[in-house]
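Each of the next two complexes has subunit A plus one other chain: subunit B in the first, subunit C in the second.
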Partner chain A sequence: MIVERDVVVVGGGPAGLTAAARLAAAGLTVTILDEQPELGGQYYRRPAPEVARRWGDHRREGGELIAGVRAAGVECRTGHLVWGLADDDRTLLAEDEAGRPVRLRGRHLVLATGAYERSFPFPGWQLPGVTTPGFAQHLAAGDHTPIGERVVLAGSGPFLLPVACSLLALGVKVAGIAEAGTPYRPGRRALGTLRHPARLRELAGYAARLARARVPVWQGAVVLRADGHDRVSSVTLAAAGRPGQAIRTVEADALCVGYGFRPQTDLARLLGCEVTADPGTGDAIPVTDPAGRSSRPDVYVIGEAAGIGGAPTARARGLAAAHDILARETGHPVPPAEARRVATAARRLGHFTALTDALYPSPAQLLDALVPALADSTMACRCESVTAGELRADAAGDVNAAKARTRAGMGPCQGRVCGFAVAGLVRGGAVFPSRVPIRPVRMTTLLELAAEDGPA
Partner chain B sequence: MRAADVVIVGAGVLGAAAAWQLSRAGHRVVIFDRGAPGREGSGTTAGNLHVQAVHTRRPGQEVPIDSARFLPLQRAASDRWESVEDDLGASVELRRSGGFTIAETPDQCQELKEKHTWEAAAGIPTEVLDGDAAREALPLLGPTVTAATWCASDGYANPLKVTPAYLAAAAGHGAELVPYAPVREIARRGGTWRVTAGTHTVAAPVVIDVAGPWLGEIAALAGIRLRMTPVAIQMHATVRAPVTMSHLVQHIGEGLSVKQVTAGNLLIGGGWPARALNLAGRSVTSVDSLLGNVALAVRVLPFIRDLRLLRAWAGPLAATPDEMPLIGEVPGEPGFLVAGGTYAFTFAPLWGETLRGLAEGAPPPVEIADLGPDRLMTQTKTHEGRQR
Partner chain C sequence: MTAPRSATIIVDGRPVTAVAGVSLTAALVGDHRWALRRNPVDGGPRGPFCGMGVCFECEVTVDGVPSVRACLTRIRPGMRVDTTGAPNDR
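Then we have the complex of A and B:
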């Protein structure tokens, strides 16, 4: 099946939903795709129906946004996994929830593919009970299910706070939060955030909730190792400055470790969009103009995929991209007042992101602290069982040579989990290349596609 | 400037095998590579050790290979693979678990029988099976298979291990590898070649051009015009599956080779073309080729249908216009040796030994007179009009 639309939006989170709603409201034909069974993305993840009936919707504005998208006439294709790009360089190849092939073409492509969590290995990270904060949040928000009974959160970044609050709301004992940086101290940099009362109020609200529950926050602490027999039973922490030496052991039946998020750019890179290393994070991010337009005039990259900024920024970027497309389609620029409002909001949000980013250690600083302390025997690539030591051996700064030599990144996660650590261990800033299929795809989908006519 | 006995251009499997042979014999060897060693054709190949006649035609391939001419070379190469792991003191996941070449149509069955006759004449033992006998031997084969030849010595070696193992063994004998050093200049003065790569200049009486898809470009630096026709082909890998298939499966009439590697992934290839050969970066795979290749694989081996495709990649193939191997000294350019062409991975141990013989002025271990570069030379004074 070939779907032809004015605009195809990939990703049904805050950015994609905002862009789709605005474009369809203006009369364009729009299809939005998401690999999950429901729209919303991670931030506006819909609770399961029974959960919503008993406990309500944790983010009502998400439900309103999705309702707006449907009301505007956007074709919503959930359960669709985009795995490739046809040889014509513009037809997206997807499989639907039943595994049938779907080809999609848009005169404009809007990539709102979001982000994935930044992981870093430590001894014991393969134990059951060790997950990421995002997974704990997903279980809590979507299924009202706690990840454990006594939970330690660790890593870095503001996201650890709302996850801890979600767990508290489920009645879970949060044994503590280990933050690699030292952001929660009054300092001159923090004062800049005062200009953003709403965002600051949100963070302050989390902090107050955690303080009331007497959840300890150990700043400047990282996970040294997790121990346990058939699942994690204790977590040992070290000082971030001396990451090899134990400072504290905490009992826990769940450990959630994440160092913020990395933009998911594989589809943008597959489409040939130019990427650059983000000066702050070192991540590969697509080069875009303020409206999200990439180096390919028909491709926009918005939301977290264009650089981590949070849901309000993602919505602003979605609107800016929609305005740009509408101006190109109609020949009439969006009324200056509306355009100015969006631009101002985006700029303010960008400023807030820069200020909060400055409070936490950058990924480069994290690697500097974590990589030297990582024992050679620790498994770095879980899919292919490659240790840190194997990756370190004759590291020439080339992640692809390291992949060929060790198999790291060749497994089902295709480097999404291990990529950050592999780049740190081989001292190469590069990322694994993006190639078809960008996600493992069913053979049956390929066979059906091969039997169809038209470009593939 | 430094002096060496041999400069090798290209740290692929041929360069690595030659470096080991030469350094082990006491020669001072320097190897240059434009990037990381073994990352182009030698790292992207399927790793098949072809002993029964190779008969597959790559989709888009214009000239069929002269299978009968290949057979004595394959046999000689096969013998040499036998000792590679002992020679190098390293595992390369070498496996001789045999292979099938299958047929689906009456014409293909006929070809299979002819192929068997040549193999018998060349002393390569193969057996012709009808469809049911083939399915009895390998129950994974699908119902469209009407005949197959079985060769017990077909095999596999992990290409990501072979080149590094040769290079490590060569380094143990004093060979010097200089990666990330593209060769810029090659000049001859009397009996000495000077090769400049990056900041290095090395003088040596012998230069070996084993630069794969860049073989022609490197020769051109020395003023030698060789008509090469490099192409980019692609490979496909499924997710890991329980190990159930130890044999290599090829098709006599279409582009297909399938095997299961040690890690459990099924590797599906057969020379399907990538979108285009990109010598500046990595060639991009074609979805049309991907679909064609996996559809063929599932038809011949239906169990693959239940798996997911995990990865696909493209790599260069240093093909010659006549699809025959290239090996020998360039006429009129003493000491300038070249080696390349298709099936270089299977031939690597043989060509490594042959290159050592050529460098030492000793007779080659197999007949190679018809495989020399003279047939591909286009603009030399002495060889005009001798093209095939």
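Then we have the complex of A and C:
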């Protein structure tokens, strides 16, 4: 089956939903795909209906946005993984919930594939009970399920604070937050954020709740190792400046570690969109204009896939791309006042992101601190069980050579989990190249696809 | 306040009850089942890690279909789930 639309949007988070709603409201035919069972993406992830009925919906505006998308006539395909690209370089290959192949063509492709969490290995990180903070957040907010009874959060970035608050709301004991940087010490860098009172209030609100619950925030601390048998039972921390030396051991039945987010650019790279290193983070980001247009005129990359900036920025980028597409379709630019409003909002939001980013260590600083302390025996690639030592031995400055020799990044996650560390270990800044399938696909999907194509 | 509706699924032959419609990872974690599979290379136990479909550490068999990511699956009453995390499964 081939789905032909004016616009195909991949990713049903704040960015994709905002773009789809605006485009369909203007009369274009739009399909939006997401591999999740429900639209919403990460920020607007929908709680299970029964959870919402009993405990309320923590992000009502997400439900309203999705209702708006459906009301505007967008064809919504949830449970659809977009995994590849046909030989014509423009037909997207997807599989539906039942593993059936679906092909899609849009005169415009909007990639809103979001971000995933930045992980860094330590001894014991493969133990059950060690997770990303985002997993704890989704379990708490979406499923009303505590990730553990006594939880340690670690890593870096503002996201650790709301996750801790979500756990407290469920009655979980948050044993402490280990933040690699020292963002919560008063200093000149923090002052700029005062110009953004609403966003600052949000952060201050989290901090106040953590203080009321007497949750310790250990600044300048990183995880040295996690111990346990078939599940984590204790966490040992070290000072970020001397990451090899233990400073304290904390009992915990869950440990959630994350260093912020990395853009998910696999589809953009597969489509041949030019990428560059994000000046702030070093991560690969697609080259886009302010409307999200990539180096390929028919491909837009919006939301966090185009660079980390939070949900409000993702929505602003979604709207900007929709306006650009509408202008190209109709020959009439959107009313300048509306376009100006969007541009101003995006600029303000970008400014706030830059200010908060400056409070936390940059990914490059994190690598400088963490990589030298990573013991050779530590498992770096979880899928293929490759150690840091094996990767170091291969430190030719090229992640691809390292991948070919050690198999790091060849497993089902395709280097999304280990990629940051592998790049640090082999000193080869780049990301693993995107290849088809970008995620494992069922063999039956491939066979059915081949059958549709007829005998070769 | 009214109690939430629940659903019962069958995990490795035993019933597990959770709030209706939550993610399968939530039902398993809520039941303290963390080790869902063994890493094919080193044989060590693995459990859900990213919660968003990226890491593939929460793959289980659902109603006979192998390699289903539990974090992207919502529970349905009577769903049969098989894990391979127990040490003597191999």
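Note that in this section the second predicted complex is superposed on the first by the 451 of 456 C-alpha atoms of A that agree within 3 Å, B and C clash if a C-alpha of one lies under 4 Å from a C-alpha of the other, contacts with A are read in each partner's own complex, and residues count from 1 in each chain.
The rule we apply is simple: a contact is a pair of C-beta atoms (placed from the backbone, for glycine too) under 8 Å apart; a residue touches a chain by one contact, two chains touch by 3 or more.
All of these numbers come straight from a predicted model, not from anything done at the bench.
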Quick one: classify A:P433 as touching subunit B (first), subunit C (second), both or neither. first
TODO: Examine A:L85 and indicate which partner it touches, taking first as subunit B and second as subunit C; both and neither are also allowed.
DONE: first
_If we overlay the two complexes on their shared chain A, which of subunit B and subunit C does A:E384 touch? Say first, second, both or neither._
both
Touched partner set for A:P412, first subunit B, second subunit C, both or neither
both
* To do: Would you sort A:P49 into first (subunit B), second (subunit C), both or neither based on which partner it touches?
  => second
- request: Look at A:V441 in the shared chain and tell me whether it touches subunit B only, subunit C only, both, or neither; answer first, second, both or neither.
  value: first
Task = Kindly classify A:N400 by the partners it touches after superposition: subunit B alone (first), subunit C alone (second), both, or neither?
result = first
Q. What is the contact status of A:R103 with respect to subunit B (first) and subunit C (second): first, second, both, or neither?
A. neither
Partner touching more residues of subunit A, subunit B vs subunit C, is chain C
Subunit A positions within both the subunit B interface and the subunit C interface are 384, 411-412, 440, 442
Subunit A residues touching subunit C in their complex are 35-37, 42, 48-51, 53-54, 79, 116-117, 126-132, 134-136, 138-139, 142-145, 147, 230-231, 379, 382-385, 411-413, 416-417, 439-440, 442
Listed in rising order, subunit A residues that touch subunit B in their complex are 84-87, 93, 384, 396, 398, 400-401, 404-405, 407, 410-412, 414, 433, 435-437, 440-444, 446-447, 449-451, 456
Interface with subunit A, subunit B side, in the complex: residues 36, 38-39, 43, 160, 164, 179, 237-240, 263, 275, 282, 284-288, 290-292, 294-295, 298, 304-313
Residue set of subunit C touching subunit A in the complex reads 1-5, 18-23, 25-26, 29-30, 34-36, 39, 41-42, 44-57, 59, 67, 71-74, 85, 87
